[in-house]
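Order of writing sets the labels: A, B and C. Residues in every chain begin at 1.
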Amino acid sequence: MAVRELSFSVRDGECLALFGPNGAGKTTLLRVLAGLLRPTGGTARIAGVPIPGGAAARAVVGLISHQSMLYSALTARENVEFAARLYGVTAPADAAMRALEKLRIAERAESAVRSLSRGMQQRVSIARAIVHDPRVVLLDEPYTGLDEGGAAALTDALQSLKTAGAALVLVTHHLGEGLALASHTAIMRDGRFVQHAARGGVDVESYRDQYRQAVRS
Amino acid sequence: MLAAAGLIARKDLAIEFRTRSAFLAALVFSLLAIVIFYFAWDATAVPASDLAPGVLWVIFTFSGVLGLHRSFGVEEADRAIDALIASPIDREAVFLGKALANLVFVLGVQAVAIPAVALFYNLPMGRVLGPLTLIAVLAAVGLVAVGTLFSAMAVNTRLAELLLPMLALPFFVPIVLPAAQSTARLLAGRPVAEAMSWLRILIAFDIVFVVACALAFPFTLED
Amino acid sequence: MTAPPPPAAHRDRFDWLLTVAVLAVAGTMVRAIAFTPIEANQGAAQKIFYIHAPSAFVGLYIAFGLVAVAGALYLWLRDERLDRIAASSAEVGVVFTTVVLITGPIWGKPIWGTWWTWDARLTLTLFLWFVYLGYLILRGAIDDASVRARYSAVLGVLGALLVPFIHLSVYLFRTLHPMPIVLKPSSPSLPPEMLTTFFLALASFTLLFVALLRARYRLATVLDALVDEEAAEPSSMGTLRAEPLR
C-alpha cells in the first residue's frame, strides 16, 4: 500500500508543498487525486467533488508532471488547443493562445513540440494543464530539468494561479522553490505525513534540518 | 462520447498526417509483399484468381498490424495518455477514437493494396468492386477493434512490437478466413448469396469484438 | 497487499495428491494398454485415444475455462489469488494441450495416413495453444504484478470469446470443403469396456490437472511472497536540493 490515512485540505489560493524521499508515495497521492489511480479505501474531495468522482472531479483538475504529456509531432498551439477541447473549453483556440502567453511561450506556438527545448516543452505542458482554468493544480516535480528562465516562468505562472484562486499541491525536491510558493508544507514518508505544518516564516536552512530529522526517524 | 471520440481520432490522424512514415511504410510493405508473393507462387500453374484472395487477405493482416503500434506509441512517448485519462472524457471514447483513426489508416492502405492485387493478378474487378469494398470494411473493423486493444496493452510491455502480432494473429483468423472465402467465391462469379454464410461470421465477429474490446479497454489503463 | 507467508509445513511435505494422481493416471494407462480390447478398425494405435481425448478435455475445457473465468473474476474482485489461479491453470493447461497436439498426429498417421488434418477439434486445439502461448509470453513481458494480472485477465476472457468463432469458421470450412471422413473418437458408441477405460482416463487426468494446479499455485504463492519481501526493503533516504531563496 503506497499511501495510507492521509488527511489534509488545501483551500483556494493556497499551496501545499509536499516533500519526501523517493518511494514515499507522493506521486501515488497525486495520481489518485487526478483520477488516474483508484483508491482502495478512504474519501477525498476535490473542489467539493468527492473522489473517485468520475468526469466531474477530473474536469476541475490540472495535472503537471516531469513528463510533458505532449504529442511531439504536433505544434505547441495544437497540443494546448486539443487539451482545451478535451475539457470542453469555449473558444478553445483563444484559450490556448492565452495559456501560451501566460507562460511566455506564445511566440513558439506554431513550432512542433519536438523542436522545442526541454524547458520550453515544460512551459507548453503547463499551458496545457491550466488552459481550462482548473480549480486544483497538481504538480509532480515540475521543476525537473528546467533552466533558470524556465523555473522563473513556472514560479510566476503558479503565483498567478494562486492569486486567481486555484489550490495547488506541489511535489518537489527543490526546497527553495517549494517553500517560496507554499502556504503550508508536509513531509511524506512511507505513505504517511510525518510532518504537516503551516509554513509561517521558516527559512530554507532550518527547514532542511527539519526535513532531515523527519525522514531519518 | 462520440464527439470526444471524433476529437481523438482527428488528433491521431493529424499526427499521422504530419509524419506519414507509418502509413508509407505499411503501403510500401504491402506492395512489396504482393510482388514477392506473385513470384513465389507461380500464377501459371494455378489460376491467378485462386491465389489472389489468399494474397490479398494475408497482406491485409500483416500491413494492418504494422500500423497499429504507433497508435499507442505516441501516447506512451511522453505519457500523453495520462493527460487523456486525467481529462473528463470517457475511457471508451479514447478507445473508439483511436480505433476510428486506425480504421482510416487500414482502409487507406487497402485502397491502394486491393487495386494493386487486382492489377498484378489480372482480376476482373468491375462487378465485384462493391461487395469487395464491403468485405474490406467489415474485415478492417474487426482487425482494428482487436488490434487497438492489444496495442494498448503491448505498449506497456517489454517486447511491444513483437508481442502485438503474436497476440493478435489468432484473433484475426475468424476475419481472414471469411474474407478470403467470400472473395474467392465472388471472383469465381458465384452469386453474393453464397458468400453470405461467411459474411455472417465476419459480421458477428465484428459486433462481438467491437463491444468486448471497448469494454475491456478501460482495464488496460492504469486504474 | 502482500501474499500470506508460505505455509511452512507444505514446503517439505510430501505432495500426496500429486502422487495419487500420477498413480491413477499410470493405472489407467495400464488398463488401457493391457486390459482394454483393441479397436477393430484402428488397431493398437487407437489406444493413444486414452491419452489424447482426456488431455483435450482437461486442457481445452477445464484449464482454459478456468483461465478465462478466474481472469474475469479477477477483473471484478481484484484478488491476486485469482490471478495466480489463472496463471497456474494456463501453465498446466498448455502442457496438456501440447500433449493433445503431439498425440493427435501420432494417432492420425497410421489411421488417416497424414500427420495433420484440419479436423475441427485439432484446429481449435492449435489455436488455443497459440492463445496460451501468447498468454504466457505476455505475462513474461510485464514486470508490474497488477498490470500483468489485468492484462492476462483481458487476454484470457477475449480468448474464451474467440473459441466459438474458430469453431464456426472451421465447421463452415469443412462443410464446404469435404474432407475424408474422420472417425469420431468420442462418440458414445464405444463398447462398454472402452467406455469405462475412457471415463477412468478422464477422471485420472482431471485429478492430475487439479494436483498440478495446486502444486503450481503453491509455488506461485511462495514466489510472490519472495518478491514482496524484496520490494519492502527500506528505501534509501532521498536527497533534498536546497537552492537560495529567490
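Side notes on the structure shown:
To be clear about the criterion, a residue touches a chain if its C-beta (ideal position, glycine included) is under 8 Å from a C-beta of that chain, and two chains touch if they have at least 3 such contacts.
No experiment lies behind these values; they were computed from the predicted model shown.
Closest to the protein's overall CA centre, chain by chain, comes B. Chain centres here are means of the Cα atoms, and by that rule the chain farthest away from chain C is A. Note on chain placement: the centre of chain B and the centre of chain C lie 31 Å apart, centres being C-alpha means.
Rounded to whole angstrom, the centroid-to-centroid distance between chain A and chain B, based on C-alpha atoms, equals 39 Å. Centroids built from CA atoms put chain C at 48 Å from chain A. Multi-chain contact residues, meaning those touching two or more other chains, occur in chain B at positions 222-223.
Looking at chain A, no residue sits in touch with two or more other chains.
Interface of chain C with chain B (complex): residues 75, 127, 130-131, 133-134, 137-138, 141-143, 147, 150-151, 153-155, 157-159, 161-162, 165-166, 168-169, 172-173, 176.
Those residues of chain B that touch chain A in the complex are listed here as 4, 7, 11, 14-15, 18-19, 74, 77-80, 82-90, 222-223. For chain B in complex with chain C, the touching residues are 146, 149, 153, 156-159, 163, 166-167, 169-171, 173-174, 177-178, 181, 197-198, 201, 204-205, 208-209, 212-213, 216, 219-220, 222-223. Note for the complex: chain A touches chain B at residues 31, 34-38, 55-56, 58-59, 61, 63, 65, 67-74, 78, 82-83, 85-88, 112, 128.
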